[in-house]
Amino acid sequence: MIVHLHTAVSEAQASQIAAQIQALYFHDGQRYVLVTGAKDNSLEGVDSRLLEGHWIMDSDIQLASRKYMPQKRTVRIGDGITIGGDTDHTMMITGPCSVESLEQIEVCAQLCVEQGVKMLRAGAYKPRTSPYSFQGMGLEGLRLLDRMREKYQLKVITEVRDATHVEDVIAFADVIQIGAKAMYDQGILRRCASAGKPVLLKRGFGATLQEFVQAAEFMLSGGNSDIVLCERGIRTFETKTRFTLDLCGVAYLKEFTNLPVILDPSHAMGYAYGVADLARACTAMGVDGLLIESHPNPKVAKSDASQQLDHAEFRALMQSLHPIAAAVGRKMI
Amino acid sequence: MIVHLHTAVSEAQASQIAAQIQALYFHDGQRYVLVTGAKDNSLEGVDSRLLEGHWIMDSDIQLASRKYMPQKRTVRIGDGITIGGDTDHTMMITGPCSVESLEQIEVCAQLCVEQGVKMLRAGAYKPRTSPYSFQGMGLEGLRLLDRMREKYQLKVITEVRDATHVEDVIAFADVIQIGAKAMYDQGILRRCASAGKPVLLKRGFGATLQEFVQAAEFMLSGGNSDIVLCERGIRTFETKTRFTLDLCGVAYLKEFTNLPVILDPSHAMGYAYGVADLARACTAMGVDGLLIESHPNPKVAKSDASQQLDHAEFRALMQSLHPIAAAVGRKMI
Amino acid sequence: MIVHLHTAVSEAQASQIAAQIQALYFHDGQRYVLVTGAKDNSLEGVDSRLLEGHWIMDSDIQLASRKYMPQKRTVRIGDGITIGGDTDHTMMITGPCSVESLEQIEVCAQLCVEQGVKMLRAGAYKPRTSPYSFQGMGLEGLRLLDRMREKYQLKVITEVRDATHVEDVIAFADVIQIGAKAMYDQGILRRCASAGKPVLLKRGFGATLQEFVQAAEFMLSGGNSDIVLCERGIRTFETKTRFTLDLCGVAYLKEFTNLPVILDPSHAMGYAYGVADLARACTAMGVDGLLIESHPNPKVAKSDASQQLDHAEFRALMQSLHPIAAAVGRKMI
Amino acid sequence: MIVHLHTAVSEAQASQIAAQIQALYFHDGQRYVLVTGAKDNSLEGVDSRLLEGHWIMDSDIQLASRKYMPQKRTVRIGDGITIGGDTDHTMMITGPCSVESLEQIEVCAQLCVEQGVKMLRAGAYKPRTSPYSFQGMGLEGLRLLDRMREKYQLKVITEVRDATHVEDVIAFADVIQIGAKAMYDQGILRRCASAGKPVLLKRGFGATLQEFVQAAEFMLSGGNSDIVLCERGIRTFETKTRFTLDLCGVAYLKEFTNLPVILDPSHAMGYAYGVADLARACTAMGVDGLLIESHPNPKVAKSDASQQLDHAEFRALMQSLHPIAAAVGRKMI
C-alpha cells in the first residue's frame, strides 16, 4: 500500500507513522510518501487528518506501477536532457564496452559529437566471469570519462560492478548504471537510492520482470525517482546468440510500469551482425533509448570484441534509425 | 555435403549414386541434388564426369545455408504472390485463431479484402493442451476456408496439428502451416516435402535454431524448396508474457539461412496489448511477413481469446506499419 | 468435472448425457465415466438417478489427479508384471538406443536375462533432428525385438516417433513408448488411448508438468488407464549436460498425480559418466522404474553413443541399486 | 595456465614473475602458485630454474579442475570437522531460513544437538526481492547465532547478502555462505578470498556451471582453498516448483572439479512436501553435504514459510538418510 501524507506533515510525524504501520518512507518533493508490504488497508490507528490519499496495490510493484502513477516518469539528466516522460525522444547512448585508453575513448567521444549523441557509455569496472581476464581500468577509467565530459560536454554513464567502487562511480557518473549481475544487490540499490543521481538499472539475465521492477522499487522507495529500466537480454536455452532480447517483456514494462525503458541489443545479441537489425526493431517499439556498444576497432577490444559495432557501422545504423523513429512519432537524439 | 549432378544425369543414375554415398536426393528443377551427413568429401568412387559441383558443409544446416545458396529463396504462393526473394515485401497474414462459423470467418475475410491483405489464416485443427477444451471445427472448418478463398480470392494458410488430417490440410490450403508442436514430426515433414505446396514451418517453442532449420532440411532434402520459417516465441522462465519472441534468433536466421522468415508476435506475447508494438518491431527488422491473430470479437473467441486483436485494433496496426516498412525500404502487402 | 454414471447406465445413455454436457466419456471397467472442461457443476438437466458421483476439479489435470483417485494406479504389462500401484517395485528397463542388428540386440537381451531385468528397450524409429543421420531400422527393427521377446521371454518397449508407424509399434510392443517429441501429438495420443496396451509417455523437453499430465489425460479420457509417466530431462540454459533431469518435477508428480513415474537419466545427462550417479538418485526417490540406455559397445553405436553404458558399467550399476532400493523400502526388479 | 614456483622462491620474486606474465598469484602453503588466462605456454623469459611445474589448461576452470588437482579438496571447518576429501561423510546442515528470535534459534540449535548435526544454518541478512518484506535481523541475528555456537558447540553458517555487512559475516561465521544472488559479486568474492575462513558458494539460479566454478576461481586464485560448491536449483520454464535442482550439473561438478559439493533441495523445491524425497536422491548421489531448511513452526516463519520442514519432518528425514548413505558407502553426519 502507498500512502500520501498531507504536505504539511513533518518528517518526525512521517517517521512515526511509518514505524507504526511498518512502512518505508521518503519525500517525493511535495509530501512524505509511505509504502508498506500490506496488500489491504492497514491504516487503522493512523490519524486520518494527516492522510492525503492511499493506493492499495495488488503486488510488490507499487511505486513503479501505472495504477499508482499513470503517466511515464521523466528522468532528468541535467542541462535540459531528459529521458522518458512525454518527450517522445529515443535517446541514443553509445561508446565502447570498456575504457581502454585516452586515445580510444576520445575517438568514441568524437563519434558522439559528430552524430549528435548526448551520452557516452563505457565501463571502468568490468564484471567478467573469469578472474583471469581484463577487469577494467578502474578509477583511471573513470577519470578518462570525466575528461571526455569536460572536453566534449557529453553526459557519461558507467557501471557499478560491485560495492567496492560504488562511491567512485556515483562521484564520476552523470547516470549510474547498475549492471545485470548487480541487479539484486540491495546494498548497491539502497546506496543508489540516496545518490542524488539518475540510475539506469539493467535487468539480470536470470531475473523475472517482477523481480526487475522490484529492484527498482528499492530505489524508488528510498527516494530516488530518476530510475530508468534497461532490458539487455535474458538467458534461455538458445546458444546461437549470447542472450535473448525480451521485447515481449518490454511490451509488459511499457504497459504496466511508469518507468522509462531503454534497450541494449548489443549484449543481447552478442554478435555485431545482428545489432543494427535489433536496434531498428527496438526503435520501432517506441522505447525511450538505446544502448549500443561501438568501438573504433572492435577486433582489438579488450572485452566484448564480437558484439561492438565499428564506427562506420554505427554511423550507418544512426542514419537508418531516424526515419523509423519518425514513423512512430518519435525523434532519435 | 551437397552434390550437384550434371543436368543430363538420369534419376536411375542419381538413385544409384545416392545409394553408394548414403545420400538423400531430389531434383531441384535443373539437376539432381544429393545430400549426405558427411562433413568431409565422400565422393570417392563416384564417376567425376557425372558431377557438376559440391559443397562440404560444416553442420547439418546444408540446403538452408547461405554458404550453399547465398541469396534468399523466393517462395511462390500462386497468382503472382511470392514471399521472400528480392521482393522487399513484408506480407501481412491475418485472421482468427480458429474458424468458428461461416459468419465469423466471412467478417475476417472481408477485413483482409478491405486492408489489402492477401492471405487469410485460421485453424481448423487446434493443438490444445487439454482434451477437455475446444479442438477446432475440423474438416468443416477447412471447407469454410475454401469458400473464403473462392469468394474473396484470398490465399489460405491453415495448420496441420497431427498426421490424422495432413491430407485434408494439403488438399485445402494454399500454404500448409506446420504448427510449433509438430515441428519435430518427421512423418509430417516428409509428407509435406512431397506435397507440392508451400509450407510455413513454425519453430517449436522448445526448439533450438539449429533444430528448427534442420526440420526445414527434412523438407528441402525431400524436394520442397518452398519453405518459410516462422518464429513464434520460445519458452523461457518469464511468465508475465506467454512466450518470448526471439528476435536475436531472427537476426541469426536472416544472416545464416536462405529461407524467408515470418514472425508471429500474437502467440509470442499472448496478450493483445503488446501485439501492435511487437509487430512494429518485427516490421523494422525487415522480415518477410507477419502472422497476426485478429477476431471480430476476441472476447467470445473459442481459443486464444486474450491475444487476438479486434478489427479496429488491426486497422490501426496496419496503418502504423506502412511507414515503418517504408523506412526500412520495404512495402507492407 | 468428472462424473461417474451408475453401473447400469448403458452406452447409449452415457453417450447422450456426454453430448448434453459436452463431455468425453469412456468405460472404466465398472461404469461409464464422463469428463468435461467445466470447473463448476454443470449437471443441470441431467437425471440425477443416473449419477453415482462427481468430482469438481480445479484444473485440467482431472483423471490423473490424486483428488479424484488418491491411490497410485497399477499398470499391468502382462504375465504378472506390473508397474506402480502398491508393488514397491522399481522396475529396471534397459537396452540400446537403437536396434542395430540381430547380434547387437541379442547380446542386450542376454544382459537383461542375466541381470533379472524383465523389460528390454530399443528404438526402431529414431526421432533424429537431422535428416542426414541414421533414422533407425524401422519394421525390421521391430521384428528383431519380437524375436527377443519370444526367445528370452522379455517384455519389449519401443518408441512411436510419428504417426506413419504407430500401428506397427502398437502391434509389436508390450509397452508403447510415446517419445518426447511426440508428447503433444493428439493423433498419436488418441490412437494409443484405444490401443489396448500400456503406454509410457515421455515428457517433452520443453513441456511443463501441467502439459505433460494433460497429454496423459488425452489417453485416460479415451479409456486407457495404463499410462506411465517418464521424466527424461528438460531443456534449460545449461549446456554442459544434454538436458536437466527435473527431480523437483518428479516430486510434484508423485504428490499430485496417481500415475506411476519412471525416470530416464540417460537422455537427461547425455554422457555415460553421470548416468550411474543419477540412477542412484532416482532410485532413492522411490520411483516406479528406470530407463537406462546400455549397449555392448557404445563407441560404435549408431545413435546416442556418448550416453550409453557398456555392459560392465550396467552390471556395476545394478549391483549398486539394490541396496539403495532396499534402503527406501523398495525392491529393484 | 597454472605455474608452481619452487618452494624457495620468495614473494618478491613471485610478484615480479606474476607481473611479467600477467598472472594472479598466491601461496598454497608450500609454494607460490601463479595463474594466467593464457591457454598456451607463456613462460618465455621466465627463469626456468624458478619453476617447479606448470599446467596448460583449456578453459578458465583451472585451480578447481581435476586436471590440475585430481583428488577432491578437503575443507577444514575447525575442531576436526571437514567437508569433502576422502572422508566419505555427507554432512547435514540445518536450521531456519532466518534467525527470528532467541527462542526460535535455540530450539533449532537443540534439534541439531539431538540429531548429531554439527552445523547450524540461518540467515541474518535476507536477500528478498521486495523492499517491503522482512529483510532479516541483521547484526542482532549474527549475535544470536554466536550464542548458539558457544552454548551448543555448533558450527555456524550464515549468508552474505551484499557488501554492506561482509565484515560482520566474516567475523561471526564459521563458514561464510555467499548467496545465489551474490555469486557474481567480485567485491565479495575477492574479500572472501582473504577472509581466512571456509566459504560455501551458492550457484546463481541463472548461472551456468562454467560461471559457477569460475566464481570459485576468484577465491581459489586469491589464496582461499576452502571452497565448497552448493547447487540450489536453477531457474527454468517450469513453475510448479520454485526452481529445478540440477543433479545433472552435480554429476558434472563431481566429475570435472576438485571441489566438495553440497546440495540445497529446500530452495530448489520451494515446497516442504518434496524436500525429503530430494534429500534422499542427493544422498544417494554421494554428495558431501546437504543444506535443509527446518523451522520449529514453518507456518509462522517470516521468510520461506512454504519450504521449511518442521522438526518432526526433519527427524523422519534424518532417519531415512542414514541407510541410504550407508548403501553408497558413506556416513551421514
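As written, the chain order gives the labels A, B, C and D, with residue 1 at the start of each chain.
As a working rule, a contact is a pair of C-beta atoms (placed from the backbone, for glycine too) under 8 Å apart; a residue touches a chain by one contact, two chains touch by 3 or more.
As the structure is a computational prediction, the values presented were derived from the model and not from experiment.
Trainee: Of all chains present, which has the mean Cα position farthest from that of chain A?
Mentor: In terms of C-alpha centroids, the chain at the greatest distance from chain A is C.
Trainee: Could you see whether A-C or A-D has the larger number of C-beta contact pairs?
Mentor: A-D
Trainee: What whole-Å value do you get for the distance between chain A and chain C if each is reduced to the mean of its CA atoms?
Mentor: Computed value for the inter-centroid distance: 49 Å.
Trainee: Centroid from C-alpha atoms only, then distance chain C to chain D, rounded to Å. What do you get?
Mentor: One centre to the other, that is 37 Å.
Trainee: Go ahead and note the Å separation of the Cα centroids belonging to chain A and chain D.
Mentor: Here chain A and chain D have centroids separated by 32 Å.
Trainee: Chain B: which residues touch two or more other chains?
Mentor: Correct list: 206, 210, 235-237, 239.
Trainee: For chain B, which residues count as touching chain A in their complex?
Mentor: Per the stated touch rule, the residues are 206, 208-210, 233-234, 236-252, 254-255, 268-269, 273-274, 277-278, 280-286, 320, 323-324, 326-328.
Trainee: In the complex, go through chain B and note every residue touching chain D.
Mentor: Per the touch definition, chain B meets chain D at residues 235-237, 239.
Trainee: Show which residues of chain C lie in contact with chain B when the two form their complex.
Mentor: Touch list, chain C to chain B: 24, 35-37, 60, 62, 127-133, 135, 161-164, 181-182, 184-188, 190, 204-207, 210-211, 214-215, 217-218, 221-222, 235.
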